[in-house]
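Letters A, B, C, D, E and F mark the chains as written, and numbering starts fresh at 1 in each.
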Amino acid sequence: MKAKTSIGMVLMLAFIMVVGITMPALAAEELPVDTGNTAFIIVCSAMVLLMTPGLAFFYGGMVRKKNVLSIMMQCFAVMALVSVQWVLMGYTLSFGPDVGSVIGNLNFLGLHGVSIFPSPDYASTIPHYVFVAFQLMFAIITAALISGAFAERMRFSAFVLFVLLWTTLVYDPIAHWVWGGGWLGQLGALDFAGGTVVHISSGVSGLVTALFIGKRLGKDRDTIVPHHMPFTVLGAALLWFGWFGFNAGSALAADGIAGLAFLVTNTCAAAGAISWVAAEWLHHGKPTVFGAVSGAVAGLVAITPAAGFVSPLSAVIMGIMVGPVCYLFVSKVKEKLGYDDSLDAFGIHGVGGTVGALATGIFASTAVNPGGADGLLFGGLHLFGVQLVAVGATYIYAALATLLILKVISMIVPLRVSDEEEEVGLDTSLHGEDAYGYDDMGVNDRLVGIQS
Amino acid sequence: MKKIEAVIRPTKLEELKTAMNELEVRGMTIYNVMGRGLQKDIKQYYRGQEVSVDLFPKVKVEIVCMDNAVDMIVQRIQEVCRTGNIGDGKIFIYPIENVIRISTQEQGEKAL
Amino acid sequence: MKAKTSIGMVLMLAFIMVVGITMPALAAEELPVDTGNTAFIIVCSAMVLLMTPGLAFFYGGMVRKKNVLSIMMQCFAVMALVSVQWVLMGYTLSFGPDVGSVIGNLNFLGLHGVSIFPSPDYASTIPHYVFVAFQLMFAIITAALISGAFAERMRFSAFVLFVLLWTTLVYDPIAHWVWGGGWLGQLGALDFAGGTVVHISSGVSGLVTALFIGKRLGKDRDTIVPHHMPFTVLGAALLWFGWFGFNAGSALAADGIAGLAFLVTNTCAAAGAISWVAAEWLHHGKPTVFGAVSGAVAGLVAITPAAGFVSPLSAVIMGIMVGPVCYLFVSKVKEKLGYDDSLDAFGIHGVGGTVGALATGIFASTAVNPGGADGLLFGGLHLFGVQLVAVGATYIYAALATLLILKVISMIVPLRVSDEEEEVGLDTSLHGEDAYGYDDMGVNDRLVGIQS
Amino acid sequence: MKAKTSIGMVLMLAFIMVVGITMPALAAEELPVDTGNTAFIIVCSAMVLLMTPGLAFFYGGMVRKKNVLSIMMQCFAVMALVSVQWVLMGYTLSFGPDVGSVIGNLNFLGLHGVSIFPSPDYASTIPHYVFVAFQLMFAIITAALISGAFAERMRFSAFVLFVLLWTTLVYDPIAHWVWGGGWLGQLGALDFAGGTVVHISSGVSGLVTALFIGKRLGKDRDTIVPHHMPFTVLGAALLWFGWFGFNAGSALAADGIAGLAFLVTNTCAAAGAISWVAAEWLHHGKPTVFGAVSGAVAGLVAITPAAGFVSPLSAVIMGIMVGPVCYLFVSKVKEKLGYDDSLDAFGIHGVGGTVGALATGIFASTAVNPGGADGLLFGGLHLFGVQLVAVGATYIYAALATLLILKVISMIVPLRVSDEEEEVGLDTSLHGEDAYGYDDMGVNDRLVGIQS
Amino acid sequence: MKKIEAVIRPTKLEELKTAMNELEVRGMTIYNVMGRGLQKDIKQYYRGQEVSVDLFPKVKVEIVCMDNAVDMIVQRIQEVCRTGNIGDGKIFIYPIENVIRISTQEQGEKAL
Amino acid sequence: MKKIEAVIRPTKLEELKTAMNELEVRGMTIYNVMGRGLQKDIKQYYRGQEVSVDLFPKVKVEIVCMDNAVDMIVQRIQEVCRTGNIGDGKIFIYPIENVIRISTQEQGEKAL
């Protein structure tokens, strides 16, 4: 196996060097760069990148102590793998010149042809590299989101394969459909920052995977509760912060639409937190922190497709709607249906994304953003129909493609860890590490084992 | 009176509690321990340094009861906590001289 | 009660929908947007938002383990409640056209009339929405700061009422006085980023509340020590980071004043950390981490009103002054006076804000910022007098209004939890959650209880 | 001693006041400010500042529980001390008008002459204060990085002296050599964001210090393992995030080069994580989280000098190279050589920085950045030679100057804590604090000791 | 010699230490435990899932002493730790055969 | 059978485990405790508030063994854990009535 790996590595290196060296970036039309917009999108990219570690803590706090590192490892693995995949071929599949309205061609393979000057096709006031980087961050967080559905039981090697295949075969095409010149964008579907592309696609794929690999051991017997709520709060805070980059940055310029997106994002997060907590307070009598942060994330998910198109007051209504819907879903419907979406990747992102995509078709208003469209409330029947199509198409494609990917992987390596590994915990059994050394022996000194 | 001390797999704690409820044994004291018996070492790695872990997390359950309840309780603990593999844990039985309930000052049997 | 809540909700929804739908934003004068300034203020807004979770950790680390979630919940609740209040009416009370120099009128109710174009009245190079968002973040952090004074004992429902009333009746007017065209601004009071508006108002109100609801149980017998110092360090780091957005962003443009504000903010934080640690080192012989981060925050508080008006060297002096003053206050004076300002909201923000507001009247210099004024050291007697008035007015108004609010709330719901709830801890008794599942039984698996 | 301290303080205050008051900043040529660039560099400065707390967590998670606060204290102390030193004299030593190609003169002492307008010499589109602030953040993180080498055993008072001397005598000159108009810059050495200035200088100095003060007690007997891996992950995430400001900001403008730097930074971090994990997975069979974050940081270090000069594909190769090299170094070579670089400051920053500086001499390409130079691969022999000189000079100067500093300090105060203090842990023995109150007695209430 | 084991409310620990100081009882060993006796369950909620907590945090204090000191110590513990409510805790008394102070190798009574 | 309970310095745990390995004593249960004997208080400071810490972190090691092994084990623990300073810890010896290995149901000597 080592030999095979080495050969593979050498081949890859050779490929990279050939591409990298023989094809210097072409200095193209040299459109002028707007420093304000460029500053904005660079910083937004960094903020979106931070969402994935944010997710690592949001999710990491929810799992049991024995699995916290496995979640963090999955998030970091996604950051690493998708970053490289994107540079090599993800970007060109998503944003390369359109092929049949479904996928990009290979013009930008290895970022060949991408330069420090703006591209005339996308975001023509910022350097093309910046557009590449910004879009990359969306690919990362989307793949990372899925992991919440099958937390605490997936084999890491299977996860690596899954991420690579999923981002290439599911994310890249859907991103192309909506934002890269593909058929959904042509149809007029509005998805400001990724309600379908990011949240529905990840939520649905997570659900499919959770069903495919089955429940966690003991799930039916016990309620599994978060091991570290402050981590979940920290993660939610980083998500909220990064989401500003996500949604406001999706204006691709530091303008009034970005400002609108910023404000409605914050408003809907706030209203989502309030409505979730209100729902649970009425339901079982206690307002919980877990409810507050979950509601905020649900609000952020819901506003994502709508961010540049709706008024702050509409954002209040959307937040008030999405909290109880998601709460009902994760506390009751999930239990009824009996699947084990460990950390509610579908319950929050799938459901919240669906609410948001449809609400966009209701609340979008050209009075707020003349570049948008009018939703149901403002007499726009067409938009709502298109949003339904976009949601439906994403559900169907994400589900089928994910199923296929899982089938293929399970022929190569078991998707799930052994029962014993699961009982011991993934941190020790898969990664050979413990999260909290200080819980073990030796209050003052942790000196584990004799050096080997 | 006796004190029964069972060092068990952490994952068996819930079942054990349920079983004790059925026996109407409610009083118990529980804490985390690390232990080893016949279980083998595990390896961990930190930046390439191999570390050998030879202590395993267990839960210790202490139940103080009347002499005549010991057999029943020990029997039940064994049933619930046995998987048949190494690492299932052990039960220790100690003599105890007296028990006092602080809230009422009751002593001995009444205090259980 | 459920019925009442439902009716309320329906009414509110109806109101929101009417306002939201019948009043599309008016596309006004269409002042041009400066992308650099807009990028800057959007990002600064996000950074200021992050300060509140930062505070949740700064404070959360200081309380006992059984109350950490209650602090985090309060911070998140403030984020949620004030965000919605601001959009509905807070913004218009603070920044709506002036009524009698004391409050804004209701022109911007529900953000009616706010658009993606700049407002001619405020920050005329950035979209009005961005100005709204930036100012909102100040309203949030101010209300959140107060909670440090009465941590570990307030009932959550009372807290919700308190936040809504306080932000409406105390924050909104004071913000209007200083920044919204009110009497203090007209008088020439300098408050670059909120020494009086944010820090004095919150510190004083915290103190009043702490006195009103009394000490924590056992406070006289035991020294209550932080349960998680690294959280406090994390919080301080996020505060320091966010404070750049707070102070530099208050220039409302990416210009030299913003640059100055940035640099003196950092300098004063650093000098504050040094002087606090020096003071404690001399006093009891140990330089502590808790001292370092507390001193940094004290320095940040002190520089806040002065940030755009003083030189870096003056910032060094201000930092050297504020550290020992606050240290003395929280370690000696508080003890002497015998009140229980749990996490020193008054001791740091009230005292530090007062030092800063007065120091602004000493160190401000038109040589540094021609748009400012000269302080005592540069011959400006007038400014110092005005600063005294601003400080005094804020103390008096905040104290009286807070007292009134507390009286009113205590007639509706007890402000304080029961003794038993306090002993068990607010996390479990109010919120039905534990922060750290892993401290309980089941090292490897936390399977608590039988599913209901 | 108290008297001496007081006199010193009074003298310093007097000095500061004289300088601060008699020398108002001169309003100079008044070059126009670009708001986009200014927004960008201000925000980047804040992001770089955040790296040091990031490091506090990255390092803090790695030490034993009894020393976590000592690490955090060192990082905060560096933030405080270097911030003040920079304003007083660090900036002028580094960036004051050149004296003999080795150091800056004292023109900017106490930031005299620095103003809200751009300097014609550096970054002429942003306010001079902003340039000062941005460069300050580099000085901070560099000094903080060193502490990883001698963690868990240095006396805090010795550390304070060390930081002040080191930043003045080592960092300031080297920064001048490369970026301030000194001899290395004149020679044509490329160091985009600090491969030599930041990483090699800190890594080498750390190594020298670790050798000088000796190993931790028990180091030979036991493997000391991290006490809190999630903290290390959090730290790595904040480092990654902040590094965007570090590298992209080093373009000193929001332009295409900044965009390139951003993208290659992310790419190399990702590839570094992948290659480190691949190496350990092949080596001992487990992919670890600690490996992933270490590899990411190694990748970030390696790309630092190259960020504005190489293509994304070259960044992939550099990342693939640096991971296994650093892994080998910290897991095998260090063990062989037998020194105790506690947290691998040299193993990651020294080694990674060297790899990066040399790789810059290989992969730099004028096809990517016309303002750069061509490396070996593109026929540029000269550059590689210059890079070797820069690396060599930095190694030699950093090592010798550090040695001298340590000798001097050890004549004033012992560098190392006593054996007993080391066994008890630095948190309690030096700082009189415990990190985690909740691990001690009193699950629900931590009421330690009777008030004194 | 006897070992006295008191499982008490965490909040009573400081007072207990003070009381033991007054009795000049200095040696003790303390650790966190979870326990239950007659105390009732508490409900918690996680995203709407109700969880029933039936173990409560307590502190266990172990004091080894001479036979004739037992009554006095037990008496004092009861005084200090009693609030009269359920959940005050319990005291257990065990026989013990020997004690050795490691630093001096003293045994028995002298080692206390 | 007896139970040996040694309260030792945390830093001595590794050496103790090695020493027990040499004696072929493998079974043991370990947990963190806080304790005090003759050790003096330490001061800590929180925002200027002085706090006196009078409990020190220790590790408790429990080893159940046959009567005739007690002396050898106690002897060895003393050798390894003694530095001669206050704070070295203590060893306590208790009677125990029975031991059961859960996985096999073996009792008494066989279960050790």
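The criterion applied here is as follows: contacts are C-beta pairs under 8 Å (C-beta built on N, C-alpha and C of every residue); 3 or more make two chains touch, one makes a residue touch a chain.
Owing to the predicted nature of the structure, the values given are computational and were not obtained by experimental measurement.
> Examine where the copies chain A and chain D touch and state whether the two sides share over half of their residue numbers (same) or under half (different).
Mostly different residues.
> Rounded to the nearest 5 degrees, what is the angle of the rotation relating the C-alpha atoms of chain B to those of chain F?
Rotating chain B by 120 degrees superposes it on chain F.
> Measuring from the mean C-alpha position of chain E to the mean C-alpha position of chain F, what distance in angstrom results?
18
> If you average the Cα atoms of chain A and of chain C to get two centres, how far apart are those centres in Å?
Centre-to-centre distance between chain A and chain C: 32 Å.
> Which chain E residues sit where two or more other chains touch them?
In chain E, the residues touching two or more other chains are 11, 14, 30-32, 34, 43-46, 49-51, 54-55, 57-58, 94-95.
> What are the residue numbers in chain D that touch two or more other chains?
Within chain D, the residues that touch at least two other chains are 34-37, 39-40, 43, 218, 221-223, 225-226, 228, 234, 284, 286, 288, 290, 423, 432-434, 436, 439, 441, 443-445, 447-451.
> Residues of chain A touching chain E in their complex?
223, 225-226, 280, 283-284, 286, 288, 290-291, 294, 327, 330-332, 335, 344
> Please give the residue numbers of chain D that touch chain A in the complex, ascending.
34-37, 39-40, 43, 47, 64-66, 218, 221-230, 233-234, 236-237, 240-241, 244-245, 248, 253-260, 262-263, 266-267, 269-271, 273-274, 277-278, 282, 284, 286-290, 292-293, 296, 311-317, 320, 365, 367-369, 377-378, 423-425, 436, 439
> Could you please specify the touching residues of chain C with respect to chain E in the complex?
Contacts found on chain C: 218, 221-222, 423, 428, 432-434, 439-441, 448-452.
> What part of chain F is in contact with chain D in the complex they form?
Per the stated touch rule, the residues are 11, 14, 32, 34, 41-46, 49-55, 57.
> Provide the residue numbers of chain A that touch chain D in the complex, in ascending order.
That would be residues 2, 5, 9, 13, 16-17, 19-21, 24-25, 33-40, 42-43, 45-46, 49-50, 53, 56-57, 60, 68-69, 72-73, 76-77, 79-81, 83-84, 87-88, 110-111, 114-117, 126-130, 132-133, 136, 156, 228, 231, 234, 430-438, 443-451 of chain A.
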